[in-house]
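Chains here go by letter, A, B, C and D, matching the order in which they are written, and residues are numbered from 1 within each.
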Amino acid sequence: MNQFLTKAQIIENVEVGPKILRLTFEAEEIAEIAKSGQFVMLKTATESSDDPILRRPFSIHRVDGKRVSILYKVVGRGTTILAKQQDEIDLVGPLGNGFFFPAEGSLAIVGGGLGIAPLLFVAQQALRQGYKEKDIQILLGARTSAEFPVVDDFRQMGLKIRTATDDGSAGHHGLVTELMDMKGNWTVLTCGPAPMMRAVAKKCEEKNWECQVSLESTMACGMGACLGCAVQGNVKHEYKHVCKDGPVFQASDVCL
Amino acid sequence: MKPKLEVEIGNLRLKNPVMTASGTFGYGREYEDFVDLQGLGAIIVKGISLEPRPGNPPPRIVETSCGMLNAIGLENVGLKRFVEEKMVVLRRYRTSVIVNILGDTIEDYCHLCEQLSDVDGVSAIEVNISCPNVKKGGVAFGTDAKMVNEVTGAVREKTDLPLIIKLSPNVTDITLMARAAEEGGADAVSLINTLLGLAIDVKTRKPKLANVVGGLSGPAIKPVALRMVWQTANAVSVPVIGIGGIGSTRDAIEFLLAGASAIQIGTANFINPAVTGEIVAGIHDYLRDNDIKSVSELVGAVILPEG
Amino acid sequence: MKPKLEVEIGNLRLKNPVMTASGTFGYGREYEDFVDLQGLGAIIVKGISLEPRPGNPPPRIVETSCGMLNAIGLENVGLKRFVEEKMVVLRRYRTSVIVNILGDTIEDYCHLCEQLSDVDGVSAIEVNISCPNVKKGGVAFGTDAKMVNEVTGAVREKTDLPLIIKLSPNVTDITLMARAAEEGGADAVSLINTLLGLAIDVKTRKPKLANVVGGLSGPAIKPVALRMVWQTANAVSVPVIGIGGIGSTRDAIEFLLAGASAIQIGTANFINPAVTGEIVAGIHDYLRDNDIKSVSELVGAVILPEG
Amino acid sequence: MNQFLTKAQIIENVEVGPKILRLTFEAEEIAEIAKSGQFVMLKTATESSDDPILRRPFSIHRVDGKRVSILYKVVGRGTTILAKQQDEIDLVGPLGNGFFFPAEGSLAIVGGGLGIAPLLFVAQQALRQGYKEKDIQILLGARTSAEFPVVDDFRQMGLKIRTATDDGSAGHHGLVTELMDMKGNWTVLTCGPAPMMRAVAKKCEEKNWECQVSLESTMACGMGACLGCAVQGNVKHEYKHVCKDGPVFQASDVCL
């Protein structure tokens, strides 16, 4: 077994930013095998209601013992209902491939907006796998300072963080890519809005660093059965499936 | 006494009436963590064409009220890879495997049937005739009784495997299509395929699907599917396989009562990946609790008002 | 600058594109407490026949996933009482009143049109052709292009009132029906009427409706309705009135973008009795916020992908 | 205005018997004009869900100041969701005609099972309209003693109550109709399962008492627009509409 369907006990489902909530639930089997970059699919419809019908995908945000958390933004029907859940949650996971850590070298974790969600777990896992704090660089971008909900969680891990905001309200006034000025050879793991990831990938190409991007796509099954989550590959009419081939891709393999 | 769940579709014997609907269960393996595949009546795989197909550009799916629209564009690995890779895995599950096929021309369908007939482990063929007939200006084979009859007759000559014709619901009278398939030599008909639908994003003013229109599936279409199954079961003598919005044991029983000899579960697999196994167990319990000896006693057992 | 909500259906001018769907708004008065009736584009009343009809025995309605099945059986007070009682009240509201009519024969439809033409306060006639043609063995007028053309032509000769033909969705190609109505002299077509559906109670094994089958309506059918409206708007030059699962301003805008010149709200009145007024206001706000001068600029403004 | 659409604050939604709950909410406009026998229609679907689509009808169970209560049993989809609601409820009402109190004479209030729901409000209103306790007789039937959730509420009003149970676990061992042995002329107001109301109506015919029955039927609109709630009248092919002609009917006008 490497995928599970469970009804998990909700530990907390609290607001940590503007319309941004962190949902923590107990799911031991998932906690044990989850890899950073993987996701879970949550049922948002209440019992004895058929609508909304599809599950919603959310990246695994952090894993602490038996506890798994997601960080999500209320954007529509499902997340509106999800924000009200307090007792238990019906979920499937862990799904997808996850980020690939190089055998050695340094990791640059670059997040934009809510792309921060999977990256905290990336940092957790890197440290657990023996990466030194000094070999990990966190770069986070957002529109404004209010949109850095969980930055302190990175700090508590003793990691170097540099931030950038479009409006200059926090950290560097500008784009997060402008912070990618590190020396040496880095493996860049990024998640965020498409334009931001495009810029990050371009920067990596220049510096010829490896770049792994975490993509989104509308999903039905989340497990490679419906072929609904296609994204354009690097050659025309060739499609990748986010839920199975991804959500993490080598930037060069997809058309961002 | 243990109730009997076995059903027969022509000369195809199934352990139970629960199958997976094509395109919603991949090639089976995807669900092995959630379902005892060996316990299913049959696995119907994603539609296969002669050559591989890349499918449509994204977005390919969009959620609607109690349903979803899909325009996957019949992406599939093609006959060769299906036989060389997927069938190898599928054989392991010791479950009936039904191959759903699609084509642009009658010839395509014929070649597929011919070549699949010799493949070890293929229990039956389901012909998806909801595809456009390129030689007839793209009208779907399934919306014209004459074409339905032609396709069925042509493929019938190419295979001795049980032949299931999968009907499109986008027609005025589905019983005419079912009869045309029956007369063409079909061993069974399965229905319904998806209803053609559209959704528009009012912000961008663009259709929500890159393909503009897509197929509607899920609980939303169940009443229409059940009505068509009932009409068809009363119009043909070959077995009818019910499809459309089935997500619970109760839904499955409704289709059996309406006249379906077996059922297929599609979109519900996305909502609950364990649903197929749960419905197999649920039908067993329903039979036991109402001490009904065999599932066949339920087929068409709906009680209509007098007059 | 205040956006323009007025629309024209043939020579019928409406304050705004929001109407009530026949059979879901009674004779208007029922919703007095919830909606400023004068603010509606039009009230379309419950279908009227020459003689009063008692309707079907109960149960007449059953809920389905995101929808409902109804088999009211066209219960109505009949032409005489409608004119003498209901119209008297309706005239007070100073809103366009569109009378939906139904019959068993072409003659029935003709008599209804003739007599309604002289009734003060009737702004237009909507012809429900989803009814069975008793002289043609009960096939619905609306499922045969030839019959659609005949009915339309016949009633056209009997009235100068704006004539709206209401189409049935239970057909292979609804654009053929729309063209038949257009050629017959219709000023507009409205679609969709309900999709034929069935539901069975697994405990009693009986159909949930006394009439066995019924008409499916509500959000569940919206994608099918929107697709048919889009196809029809591209096939005819008369205005198209969109119906089917509309329950919000966003739904209404989707239908306008797909090519509907106006819309009707049905089942949503049961969920939220104030919905029609809310959608009138919602469309106004949408136009203002996107500074669009007139609602007509939205009609058919969906942006399709190149190629 | 005599009908309202409102989102009402929930005061309490508590279990008062096996799968039986009492929901109390604040709805001043409704409380002011409601007549006993009338009902409200509640939306059970959660916000941003389209399913279940139809509102559910429930009799007004009691009115205290601005507060309105319903008494309901969890039987399916809507009531399952309803039982979880705690903050606010979307409702339409008051709907239907209500019971008609005779100018003078005595009232026999006869309830079976959950038919008790509208009858408590009947008693409240009768007293408020000046009926003397002695002129009101409450007769309640149920399968077993557990199914008399709110009997004490009648007692607290100082009313004479006689009960009957099928299993003899409370009051008379038998049918509630066997308690209809009062002398004199009574107006009988009844609500309960169809067979029970049929028996009550038959008894009234014998004693030539007026009998008013409160009926149920599946409903969509609740306000006379959809014609879905038809019940058979007393002549063939003549139908009454529960939401508008009823829910209260003279027993002789409908086919029970």
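The working rule: a contact is a pair of C-beta atoms (placed from the backbone, for glycine too) under 8 Å apart; a residue touches a chain by one contact, two chains touch by 3 or more.
None of the values given here were measured: they were computed from a predicted structure.
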Which of B-D and C-D has more C-beta pairs touching across its chains: C-D
Separation of mean Cα positions, chain D and chain B [Å, integer]: 47
Whole-Å gap between the CA centroids of chain B and chain C: 34
Chain A and chain D, separation of their C-alpha mean positions in angstrom: 54
Distance from chain D to chain C - Cα centre to Cα centre, in angstrom: 36
Residues of chain A whose C-beta touches two or more other chains: 50-52
Multi-chain contact residues (two or more partners), chain B: 65-67, 218-219
Chain contact graph, described as a line, ring, star, complete graph or other shape: complete
Chain D to chain A touching residues, read off their complex: 45-52, 76-77, 80-81, 84
Residue numbers on chain B that touch chain C, as the complex places them: 64-67, 69, 143, 170-173, 195-200, 202, 204-207, 210, 212-213, 216, 218-224, 226-227, 230, 245, 250, 253-254, 257-258, 286, 301-305
List of chain B residues in touch with chain D within their complex: 65-66
Contact set on chain D toward chain B in their complex: 50-51
Residue ranges of chain C touching chain D (in the complex, touch as defined): 23-26, 30-31, 33-34, 46, 54-63, 65-68, 70, 72, 75, 218-219, 247, 267, 269-274
